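First chain written, first letter: the chains are A, B, C and D, and each begins at residue 1.
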Amino acid sequence: MSKVTVIAGVGPGNGAAFARRFAQGGHALGLLARSAQMVEGLAAELQAGGAQSLGVPVDLTDAAAVADAFQHIRRKLGDADVLIQNAAGGLRAPFLDTPVEAYREGFELCVMAMVHCCRAVLPAMLARGAGTIVLSGATAAMRGSAGFSAFAVGKFGQRALAQSLAREFGPQGVHVAHVNIDGVIGTPRNVQRLADKPPEFFLQPADIAEAYWTLAEQPRSAWSQEIDLRPFGERF
Amino acid sequence: MSKVTVIAGVGPGNGAAFARRFAQGGHALGLLARSAQMVEGLAAELQAGGAQSLGVPVDLTDAAAVADAFQHIRRKLGDADVLIQNAAGGLRAPFLDTPVEAYREGFELCVMAMVHCCRAVLPAMLARGAGTIVLSGATAAMRGSAGFSAFAVGKFGQRALAQSLAREFGPQGVHVAHVNIDGVIGTPRNVQRLADKPPEFFLQPADIAEAYWTLAEQPRSAWSQEIDLRPFGERF
Amino acid sequence: MSKVTVIAGVGPGNGAAFARRFAQGGHALGLLARSAQMVEGLAAELQAGGAQSLGVPVDLTDAAAVADAFQHIRRKLGDADVLIQNAAGGLRAPFLDTPVEAYREGFELCVMAMVHCCRAVLPAMLARGAGTIVLSGATAAMRGSAGFSAFAVGKFGQRALAQSLAREFGPQGVHVAHVNIDGVIGTPRNVQRLADKPPEFFLQPADIAEAYWTLAEQPRSAWSQEIDLRPFGERF
Amino acid sequence: MSKVTVIAGVGPGNGAAFARRFAQGGHALGLLARSAQMVEGLAAELQAGGAQSLGVPVDLTDAAAVADAFQHIRRKLGDADVLIQNAAGGLRAPFLDTPVEAYREGFELCVMAMVHCCRAVLPAMLARGAGTIVLSGATAAMRGSAGFSAFAVGKFGQRALAQSLAREFGPQGVHVAHVNIDGVIGTPRNVQRLADKPPEFFLQPADIAEAYWTLAEQPRSAWSQEIDLRPFGERF
């Protein structure tokens, strides 16, 4: 029976790349995102390529809906072996122009969505004594900046969650890792928006996905809990 | 006219010590906490000692109530020169036993309360090109641990806020600092609970307060944005 | 023609594991260590397995000898595509019992040996616009501790070198990474010395080597500059 | 009898400012630097202001000379209560243009000089169960950068020493602190060299000195082990 990977937050960039990489590795894929069109389109693409997959449209900040979505995946594909968090959010604006709701939205999307997903997958992972959970961080998870207060609050909180889970569940066989994606991802939208930047300025989603696959395959005597990913061409 | 310090989150330990230290330095004190008895008792003590002070019972997570409280302080004492954040919260429990509401409560108390307070004091600070905001961190603001996920999420988020505000408002003359209080504070309750520990195990609130006073007095060519405070006797 | 990996500091634990993993990946191996018996024995083992390899006994702290050793490897195997630093040293003792020479020895072994090696391999890597350099860190590269001053000084210095090289040579196509091996490596000697520890307490050299291989194979749009490796079973 | 502060590395910027601040606080001053003119001139200035002081020209990287210098200070002024490290060095150059000796020079000046000084002052500090040692760090103590390899190696090493000493000697009553002076110090030479920068770009030595004085006066229940100092006007 195939291993099962669930991706929480699927878009046309990293999320789709994660799905393709894990499908290529023989995993069945559960795909979660708000957009039915997105998850169902990607599920169809993966199935056409021979991979079991299931798209479930869901609001990741809705605890009950998340529980239902995982229940649905469990029945169709089995328990998750790998959970990848790929949702992000948080307005970028000067502090006094940032509505208070922007902090809550960033928090719900970065932290609470992951709490809901982890509560769904951890019991089976702990029962098996195995599993991998990868959280997608960003520069804003490592340091705050002017104009990034709402975004940084969510990303810092998510890293706190990653570290706390890693320390609690590592000794029980569940690998929790935080990836600091420290640069601009080469999604079509970003490449167009930053048309003056050379290709080496961007992180390629397929290359990011390779690092996530590696984390899921790491032998447990030598797990990485925090890695960074940076495009070689950026001077920083 | 006296400088004005507002303490957001006044209890019998650090909050009271901050109030006494800044009163001793000649500041008028605005004291915020949920408990009317706490803030009014401390205000009375400070007034008996000759310091202007005003206790305002308020739920710091209620944006409108916080705005009203600062409006009240402004009318009675003037605009805040110094804002000290001293609220903390967040359940300590195994992840799967932590109710999802515990994350939101920690977030509201650690992050949103401070967002509300900063929105109240920053306009006048920016108009004057001067002011100090100090946020009270903890070990859990620096790294996550097993059983501390809800607490760490809030404290990490608070540090993200501190760093973002520091970088945005520093060049406009407002000093924002994060203090990692890295140990157990010698409140009566902690001293009793940890009766087997020697006195040097604990941080004394009056000594913590001294460090906050120093931050508020730092000349602006050499501001500290992050400091730690640790009791000398703890081996770590 | 095979890619060439040079391992600076070959012992029976990690060094040998790195050599075996890169040989398995089709690389020719240059093996450097003080002990002729060690490097020649390992070279013979690898050759018996079909891998080109060359053991060169050398004192890595001797600049001229290091230059000669790399010249020798270049003539026999070609320019290095990958350089792995695996030397460590530094007495562990109370500060006042640590002879001043212990700091210099740690510094020569951790920092200067790597400076000599990097000066030997970088010109060809820069000419090709490609190459990988991996430095082996430890907990003591991240924080100092009582009794570890000489060791920490060397390992911190080595991480400073790694970060400086990463930022200088990354944009020219050379990947420099620092690996924090954050635990006790399961060498025969350590396993015997810590006989009361369960197997999951130790990092296995072969598993560490897998992470190094991954770093050497990372696509350059998403390079890791710092990763940690920790055994799942250690509570920290 | 006066407390005694020894400053290891006295120049016209920070070193002189430290001396003036601690003299103002009633300390007797031992002043160490290579230049007899510098230390004797400053000693004369302090004596004219009423402060006991002694300038001792010494090469801080010469262990025996450092031991003699402290012996001389001990006889004239008494044992050191405070030791301030203010020496720095390390060439800034591209890696392949950095002579190997530059690493050793940086290491001797940043690390070994401090090892020699600490060995001289710690026995008496431990006997009394009190004392303060402050090390002067820089941005390069926190992260490596292109062209800063030799400088960063020394400054990282110095921070490793600071952390190791702090953890070893803190519980015995000796406060060891590392100050990250994170910006450009407003020495006459820097102000002239960077004439296009506004005054708020620079850290003022007298303001830095104030932070050191505060560290020396901190009550031991709440010691800072690491603080940063940054000029308010720099955007970073």
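Everything that follows uses one rule, which is that a contact is a pair of C-beta atoms (placed from the backbone, for glycine too) under 8 Å apart; a residue touches a chain by one contact, two chains touch by 3 or more.
These figures come from a predicted structure and were not determined experimentally.
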Review point. Which listed pair, A-C, B-D or C-D, shares over half of the residue-numbered contact pairs seen at A-B?
Key: C-D
Check your understanding: For chain B and chain D, what's the span in angstrom between their mean Cα positions?
Key -> 32
Practice item. Give, as an integer number of Å, the spacing between the C-alpha centres of chain D and chain A. Key: 46
Point to revise | Residues within chain C bordering two or more other chains | key: 146, 167, 235
Review point. Linking chains that touch, what shape results: line, ring, star, complete or other?
Key: ring
Point to revise | Interfacial residue positions of chain A with respect to chain B in the complex | key: 63, 94-96, 100, 103-104, 107, 111-112, 115-116, 118-119, 122-123, 140, 143-149, 152-157, 159-169
Practice item. Write out the stretch or stretches of chain C touching chain A in their complex. Key: 167, 170-171, 173, 175, 186, 200, 202-204, 206-208, 210-211, 214, 218-236
